[in-house]
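Two complexes come next, and they have one chain in common, chain A, joined by chain B in the first and chain C in the second.
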Partner chain A sequence: MSTELLHAVLHTASVLPLIPLVAAAGIAVQQLGSQPATSLAEADHREPAAARIALGATALVLILILLIDAAAIGSLIFGYHLPSSILLGTFFSSGDHVIPYVLTFDSLSLPVGTIVAFVALITLRFSRQYLHREAGFQRFFMVVCIFLSGMLFVVFSGNAVLAFIGWELAGVSSYLLIGFAYERHTATRNAQFAFVTNRIGDAGFMVAIAISLIYIGGVGWHEIGQHHEALISRLAALGFVTAALVKSAQWPFGAWIGRALEGPTPSSAIFYGAVMVHAGIFLLIRLEPLLLQVPDLMILLIFIGLVTAVLSWLTALTQTDIKSALLFATLSQTGLMLAACGFGFFRLALAHLCAHMLWRAYQFLRAPAILALSGRPAPPPAAWLSSRAWLHTAALQRFWIDSLSQIAVMRPFSQLARDARSLEERFIASISGAPQAPALIPSPAPLDPLIQSPGTVGRLLYALSNHLLALESRLALQGGDTQARRIFLLAGDYFRQAENLIEHPRYLIILVMLTFVVIL
Partner chain B sequence: MLSLLLSIPLLGALLIAAVPGRRAGLIQSVALVVTVCALAYSLFLLTRFDANSAGIQFFESYTWNPRLGARFSFGVDAFSLPLLLLTTLLTVVVVLASCRKKEGMRLYFCLLLILESAILGVFSARDWSLFYVFWELTLIPLFFLIDRLGGLQRQRAALNFVLYTLGGSVFMLIALLFMYDAAPGNGFDMGAMAEAARTLSRDKQLAIFFGLLIGFGVKMPIFLLHGWLRLAYTEAPIFIPIILSGVMAKMGAYGLLRASAALPDAMAAVSGGLAVFAVIGMLYGGVLAWRQRDLKAMVAYSSMSHMGVALLGIATLNAAGFSGAVIQMVSHGLVAGLLFLIVGLIQERQGGRDLLDIDGLGQRRPRLMIFFVLALLASVGLPGTAGFIAELHILIGGFARWGFLAMVIGLSVLLSAAYALRTISHLMSTKNQYALASDDMARGELLAASVLVAIVIGIGTLPGPLLALVHVSAAQLAQRFGY
Partner chain C sequence: MDILITLPLLTMLVVLPIIGGLITLLLPARLTTLIARVVGVLGLLISFSVLAVFDPGLGSFQLIDEALWMPGIQIYFRLGVDGISVLFLPATQILFCAVYFLEREDKPDAPLRSALLMLFHAATLGIFCALDGVLFFMFWELALLPTYFLVSRWGLGALRREAATQYILTMLLAGIPIMAAFLLLASQMPGGSSFDLRDWLAHPLSRPQQTVVFLLMLLGFGFKIPLFPLHNWLPVMANEGTAGVLAIVAGLKIGVFALLRLAIPLAPQAALDLHWLLAGLGTAGLLFGAAAALAQTNLRSMLAYSSLSHVSMVVLGIASFNLAGIQGSVFQLLNFSLISGGLFLMIGALHRRTGTNEVGQLGGAAKRMPWMASFVLLFGLAGMGIPGTSGFPAELTIFLAVFTKHAGAALAVLVGAAVAAAAFLSLYRQAFFGPAIAPAMNDVLDLDRPERSVALVFGVIIVFFGLFPQIIMDAINASTHLWVARLR
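This part shows the complex of A and B:
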């Protein structure tokens, strides 16, 4: 096989992260283009199309990856040169910064990518039966396609920006799948919770990208790894590690994953069991050269990994439903992987990761039928655990991680959002004249043929009297909804709002700072 | 003498409270006898009244609170006597008209008589503290009358009425206390306080005057202080607006007359502004009366318009204007009483008081129609009715003060003619043919309406006695201003 041909094939194949996106778009077009199904038979008739598109795309991706795998193995056996990264062009450039669209096919991305595509394929195949006649069947397949695309970007990306795109695609699709049953309040609330918590990691990722761009001059994995400036490396590593810890739900960012089980079981399998929860570990393995420069951070990784592993293990012991038990078992495994990274055993972590992905995917997909298969209920927690009441309670409470992050993350965010919204509603909307909920101003009196008079004077008098009538209706103090009462309520509202704002530490601090600014 | 007049209705109320509630007929008879007694006694006072004296007559005074200098003193002059008569007369009319109701009669008549007593107290008090107490006392029976026995929105109406009036009274009380504090001499006696207050600086007078004006303005009502008006008039028990509009609106104007005697500098300073408010109220009320389909609301706004005319008369600050204002008060009391009486009777019979409800009323109930037409014409101020005399005097006074600007009264007459004639055209409508109804005005109602019409036309054709009665006091008050 000539090298040119190989290159051409690799170039063609490197659009593979885009294939599932195209498939998702195809499902969307198919959905939008058709009328809502009126009968069950019609709906049944439509399901296979969406599933077929998604499955076809995933299978195509898997085949392409397997081809590249074969080529890579061939290069090992026959000794020809295989480029480890394929440059397809410029993704975008801004000033001096150029972000290339470059994919990496190396011994790290190829095995993980293969397993990701494979797990996605079997999960989709499983879902085709599992979600049959569920509301949102097509939506599920579409979102999983988006997710697969995101994961492929993360795995095969040659630089941090492409990885970040994948990272976000995976985050958004996990948000969509947790809130799959959006008519349920818990589902949407949990989806929001997961999304908001994940934004912390995203912020870390973005900070790291910015540092790399500004101080290192590039975002390629290679460039990031080769930079030797302690402070910069440390800051960048800190950002990436934050992102990885959140995505892999390590302590203390792990709360979101406990709530993410709201999604359908296949999505749990693919997101938390098998694929997405490993994205953080994968990122750390990818950043091995960078991490090796900051040994103290690696010690932190060991610590966090071990804490996560122990706490999740204890929690898993006390869970009574299969999905939660599997989830916490997964977390304890990822904790171990993290610790392995911390110790510098990156290859070990990779092997662990690959094996674990396959095994957990199988377990999660089997979970719905576990009772039928095993024929017995969940075993009680071990005696040594249940005899230690405090530990048992803590494990049952999942070590209060959930309520802690509720207080630390969720509440400030929703407070801020509420403040912004009330600002919008009360001031900006009224200034800009944006349409609002209809105000309760008494409607002008309807035309009254008994009162109306002919002639200009009559018409003028009628118009004048209508205006006066409107004024009159405002003068009376009415029990119900009146101007005066509304003004009082509004004023009271404003005062209460101001009071509330001042009570908040952040606004108090702003106030104090403003005072200082004025004084100085 | 006057304290006896006050105590007649009060005793009557006690008497009625003792009668078992189920004997509605007896209660009505007692109420009728008591109110007729009060009317007779006030007529007796009229015969003993010396029309050539501008001073206070029938004066009596008892110690009430020596520490504050508050006294129980009563007395009348030519401003208050016509209003006393009006009060006793209209109360009789209300009693005569409310003979169809059956339930809640005891409460109704009790409250009505207490109300009468309180109003008589307002008009005859010669002590500001006593005046204030009676002023507030009128609120209590009215609140319960509206709140317990009123229409569908009675609670809202009662609350509105009381909140507005109380809100005004607070300012009045503060002003009275300020006056008490500022004027040397210890006591609330009206004469002495007026003497003392006249010596105050103009700024102090103005401060006091504004407080009083807000209190009085709510009752009159002056434009912007009239928010309670429509609801109270339309939701009060069916015939209570006769008292509300016929008498209680006069309390505000009467108080203003008394205040202008005590604070002439302030009055002179604000009379221009008062005139502006009077004209606005006049036209505003007129336009809104024209706009209403609900007859009671129409009469309510026309009442506001007519009180604007009275206010304009007071604002002229000359003898003609003051005389005109007092005659307008009397005339409007009679006419508004008559209008509310007729509308109430129509409402009782037709079940509604929309403009549509009176279509062809003339075919069904000719007596009601005749009285309604007469009342409407009187409210326009047709020559030959009391309103004409009043408006003429106010026009003369206004002309003397502001020249041709006073012609704006003509606009209000035009407006009132517009709605009166429209109503009359509905009354006379022959679009549909109706049979004669058997329940035209009963004897008592006929008597009440005839008396009112007779007095309105009597004053309109023979204004001499009333003018003579009022003129002395009006001239004396006008002397302080010199317009």
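This part shows the complex of A and C:
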């Protein structure tokens, strides 16, 4: 096979993360063009088209990846050169910050990419029957296409920004699928919780990208890996690791995943069973050269991985529904993978990841059938566990991760929001003269004013005209004594309120942030 | 192409809506909608011709139309664009065109309303291409008048008159420092007074004068931007105004544009000295806006506070005074015209159907109006800077710039972005998800054909530039380089 031909094929094939996106757009256009179905027959008639687009795109992606796989194996056997990364152009650039559109085809991305596409294909094929006549059939296929595109970006990306694009696309599609049954409040509330938690984790990714671009000079994986400046590497690694831990729901960031099972079973299979929950681990394997420079962070990974594995294992033992049990079993496996990464066995983690993806997807997809066929109640937890009441309770409560995140993150922010609103309503609005509801307008001044208008501007004008009037008629002193007293009393009131406010813990957050803003 | 270059395209662009407005007032009311649409589409075509003849390799002003306007007092009519302003012309045109297509009511006062909108249209375009201090100020104040009447007469809220009064009083007051700064600049030009922006740029002031000019302009433009704590008019207007006016006021950030065009390049030393002030106000607004948005119960107020948060992020980006900062900011400002504008138009369409934007009275809108729900979500995600939408490259660039200059404020950006995302999703969930049992949800219809087309056009543009952001970067590259070079 000539090298030119090989390059041409690779170049064409490297649009593959975009193929599912195009399919998603296609399903959307197909939906946009049609009115809501009026009869069941009509809806039935429409279902195959959406499924066919999604399945076709996924099959195409899988075939392309298999072709590249074949070329890669061939290069090992016949010894010709196969480029490991394909540069397709510039995604965008701003001055010195250049972000190329570059994909990587190496021994890490090809096996994982093949399995991702394969799992997506069988899941979609399964959903075609499973979701038949469900509301939102087309929506499901569209969202899974977006998700597949996101995962392909994560797996094949040649730099951190492209991986981040995929990371977020996966996050958005996960939001849409957890909230798939949008008429149920729990589903949508959990979707929102999962999305916002993931956004907070993504902040780490953003920081890592910024550090790489500014201090390392590029976001390519090899550039990040080959940088040898302890502080920079450490900060970048910390950012990536935070994002990875949140995405793979490791302890103590795993609260969101316990609430994420609201989506239809196939989506649980593909997101939390097989694919998305492994994205964080994949990222860490990808960053192997970077992590090896930060040994203390790797020790932290071992610790977090083992804690996650043990806690999830205990939790899994006490679950009474099959999806939750599988989910926590999955988490305990990802914890082990994380620990393997921490010990430096990245290839072992990769092998574990690939095997686990396939096996877990199969288990998740089989779960509804097992329930339908067996009809047995869930087995009771092991005797040694139920005999230790404290441990059993803790496992049943999922080690209070959920309440912890509520107390640590959600509550302070909602309180801050309320403060911001009251600040606005009580001070800023009255200074700037926002119109009040009629009942609240104070009785007009006894003097018939020349100008009457709300707010500082209005009051200024009003005061000005009054004083001019007063000056014009005669110089007169107004009761200064009482005025001054009133001002002091008012100021005292405000100071007392300010003191009360500072005692609240959430202001600690503000103070800490303020310190950061000032010193950095 | 050759013919296009000889035409005074910018003058045509600015004058077209004025002529359209006059014709609207003269002709019978049933032609109003038609005229507005013709003006919108023609303007869009002219703005595309501007893009066609614009040379992105040139950093300085191009397509200059210059004429002595009032010979007695030496006032010139000078229009021109550079890479920073040129893309705002099609953005303005698309937004106004969308408003013309969506606000179609056959009331007897429709011609007056349409004519006022067109006056607003012309003034906004004038602000983006004026190259003369007096002309800029004239357009700046001219934009206030139609806003006042449109809100006070056709607004949606019960307090629309008070809101409009607050708005115009605030903005007129804000005009005083701007005028003072302009007069100071003009008086310092060699060879007598000159209001030519190019003269102003060529002859920098002394340092203390720069400080005065910068502070005056910051105060004056600060209301319009809006900077924290001068922002209160925005949520008030959001609650009381019409969707169309709001889409324009919140979508086209002419305040920040004026900061970019005038305040910083005309007082570069002062701006560099006072970077902490700009960054501090940006950080405060970013966090405050996001937190306040989270506490709202009304979609419009939430959008207004998110808008404050977003625009503060842009100000923070500008305050880093590096290339990434200015490029990201211009990109993000362009995004807002479609994202904020699109959101306000969609929420306005929701209000037209249900009579409310209070989330407590809504719920389950996605069931009845799947298309509206999809587009609102798409625009909302774009506002959060999700990759795949044009919000992402802009936000990433701004974040890089802020991280380079004020690393601590960059952490605040991340916190603010997460809170703003929570605010949007929380109100979106309450309004659009859940069972459709609210009385407001009886018999509502999904987006009709024009609304769907407008939303689709906005959505396609947002996704397109999310996938190919380099097109925007190439267009603004030369002028932004020049902008940064001026600060050195």
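Throughout what follows, the second predicted complex is superposed on the first by the 407 of 520 C-alpha atoms of A that agree within 3 Å, B and C clash if a C-alpha of one lies under 4 Å from a C-alpha of the other, contacts with A are read in each partner's own complex, and residues count from 1 in each chain.
In the analysis below, a residue touches a chain if its C-beta (ideal position, glycine included) is under 8 Å from a C-beta of that chain, and two chains touch if they have at least 3 such contacts.
Note that the structure is predicted; figures quoted are calculated from it, not measured.
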{"item": "First, second, both or neither for A:G79, with chain B first and chain C second", "value": "neither"}
{"item": "Partner chain(s) touched by A:V161 [first = chain B, second = chain C, both, neither]", "value": "second"}
{"item": "Which superposed partner A:P379 touches (first chain B, second chain C, both, neither)", "value": "neither"}
{"item": "Partner chain in contact with A:E183 - chain B first, chain C second, else both or neither", "value": "second"}
{"item": "Touching partner for A:L469 - first (chain B), second (chain C), both, neither", "value": "first"}
{"item": "Contact residues of chain A, present in both the chain B and the chain C interface", "value": "453"}
{"item": "In the complex, chain A residues that touch chain C", "value": "21, 32, 90-95, 97, 161, 164-166, 168-169, 172, 175, 179, 182-185, 188-189, 191-192, 195-196, 199-200, 203, 206-207, 209-211, 213-214, 413-414, 416-421, 423-424, 428-429, 431-437, 453-455, 457-458, 513, 516-520"}
{"item": "Residue ranges of chain B touching chain A (in the complex, touch as defined)", "value": "155-156, 159-160, 163-164, 224, 226-228, 230-231, 284, 287-288, 290-293, 355-356, 418"}
{"item": "Residue ranges of chain A in contact with chain B within the complex", "value": "445, 448, 450-451, 453, 461-462, 464-466, 468-469, 472, 475-479"}
{"item": "Chain A contact footprint on chain C (complex, rising order)", "value": "159, 162-163, 165-166, 169-170, 173, 229-233, 235-236, 240, 280, 283, 287-288, 291-296, 322-324, 327-328, 364, 366-367, 371, 381, 384, 386-388, 392-393, 396-397, 399-400, 403-404, 406-412, 414-415, 417-419, 421-423, 425-426, 429, 432-436, 452, 456, 469-470, 473"}
